[in-house]
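Chain IDs A, B, C and D follow the sequence of writing; residue 1 opens each chain.
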């Protein structure tokens, strides 16, 4: 279900699945006292196993890598080099990941994108390499994995149950 | 541009435009040292002057009011009474507001929806009345007004300028 | 999985599941010669079995019904009475349905919303009652059910398979 | 407002602004008998003058060009080579364009993406080069330009006017 190239592609960019699991855990723990780190890791793996998520991931990471190699046409190369605050294509792309588990994923994504906890903040401050897309992709993955947990929580308040 | 009924509809639900302006100010000030409260108020008014924003606003507030009057059909009435955490239609509706200024608005909305600063948090804790939609609408308005300021910031890093 | 109230709520508004199944069949048949009507019906039922879809459905239909009973506050009542072309909240709401199966659902929704095949067009021309939301909800359901079929098509071209 | 590189980038990929204007004209003429081709061309130019639209455009076209040069990492290169039907990142990216004028743009985009009128269909059938993103970008531009015209139509039915 989760092809090896997905894990490898993230690893080459400095992302271990446990870093994403950590963010999911911190995000969902306040709502769910029984939540375990292994539930979060499983949720991250299921999200990464989805084909549309893999498509978004390899596209965004390709853009970061090509920017590092100075292979992008202008003005895109300059935009990526200076990490323009209004670029927005990175957030748009990440929607293709967060959408997978509905609107809850979208709001968590916005939160993570702003607060930048854990590895997301480190990526943002990293001096080496270009990570315009990677931080948004990681935020999108963590948001989707969190939304999946929220949807499956048997203690969620539901009418008539 | 900003019809009186829009201001009145918000006021009847306990929202003054300055409460939204406050959220915008706190959100944008860190990025823009010259920002003034009056810039934020102007941005809120321009967002509220847009027809599609007014449409979303009056629809969401109507649902809150009808829920208070117990006029909604089942199971919607029960869902609104217990403010189900997975409902999500309130967030979906608010997208119709945040979209107006692009993806930046979307991420700010997610942040505000999670952190619930100022009046958004008060609405969430208010014991009287039903405010399932109102807190998301206010977050959406503040996010859109913030995005508008960010887009117009003359000091935003832009390639080739 | 598919609660009785969902089927009943649609039926009261003149929608049988088979009408949605018909639209799905016509939409997907050109891409999939083996597709059977029963596959389409199953897909419609699975989409309708999702909680977030049910939430959107009962909210949109409640707004149509309340408009018929003249119970909406102004200016929303007038907007619904004249079916304003720029209202847009009906399309926004339907996104909460189409999003469930990703971007493919979104483009099919746009197509159905414009071409209005089958019951969608009939709803649009119906002289009795108010169906501002219902036609978009049905388009959203058909789009999501179609996207689900497309995602599960074993003959879809996929790299490395 | 509309930088020369935007027009040139499209031209190098075989797209003249008039081809986009043609699609807008055919899409909006049925709703607006007074519409002139020059109104459509003006709307296309205003959409192309927006910074967030330019960002999306140059990113999508860069991916097409890099795919032609076989410079993309795997599996993205193979996905683009065979134009996988479930890829979806092209549609996601185009949302960054259609969103600029709200939900109306979104439904028109879905329609154009399915029906593929004019140059959109030609791109889809072109034997030379890779145009995975370009057809969706053109559909997004035409949809946004159409939505802009619809929003500004003085004859649009609006309550209380």
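Assume a residue touches a chain if its C-beta (ideal position, glycine included) is under 8 Å from a C-beta of that chain, and two chains touch if they have at least 3 such contacts.
None of these values were measured; they are calculated from a predicted model.
If you compare A-D with A-B, the chain pair joined by more contacting C-beta pairs is A-B.
Each chain gets a centre from the mean of its Cα atoms; for chain A and chain D, those two points are 27 Å apart. Chain centres here are Cα means. That of chain A falls 25 Å from that of chain B. Each of residues 51-52, 75, 79, 84, 86, 88, 92, 95-96, 102-103, 151, 158 in chain A touches at least two other chains.
Taken together, the touching pairs cover every possible pairing of the chains. Here chain C touches chain A in the complex through residues 51-52, 96, 99-100, 102-103, 151, 158, going by the rule given at the top.
For chain A in complex with chain D, the residues that touch the partner chain are 5, 51-52, 55-56, 58-59, 61-63, 65-66, 71-76, 79, 84, 86-89, 92-93, 95-96. Residues of chain D touching chain C in their complex: 75, 78-79, 82-86, 88, 91-92, 95, 102-104, 106-115, 150-151, 156-160.
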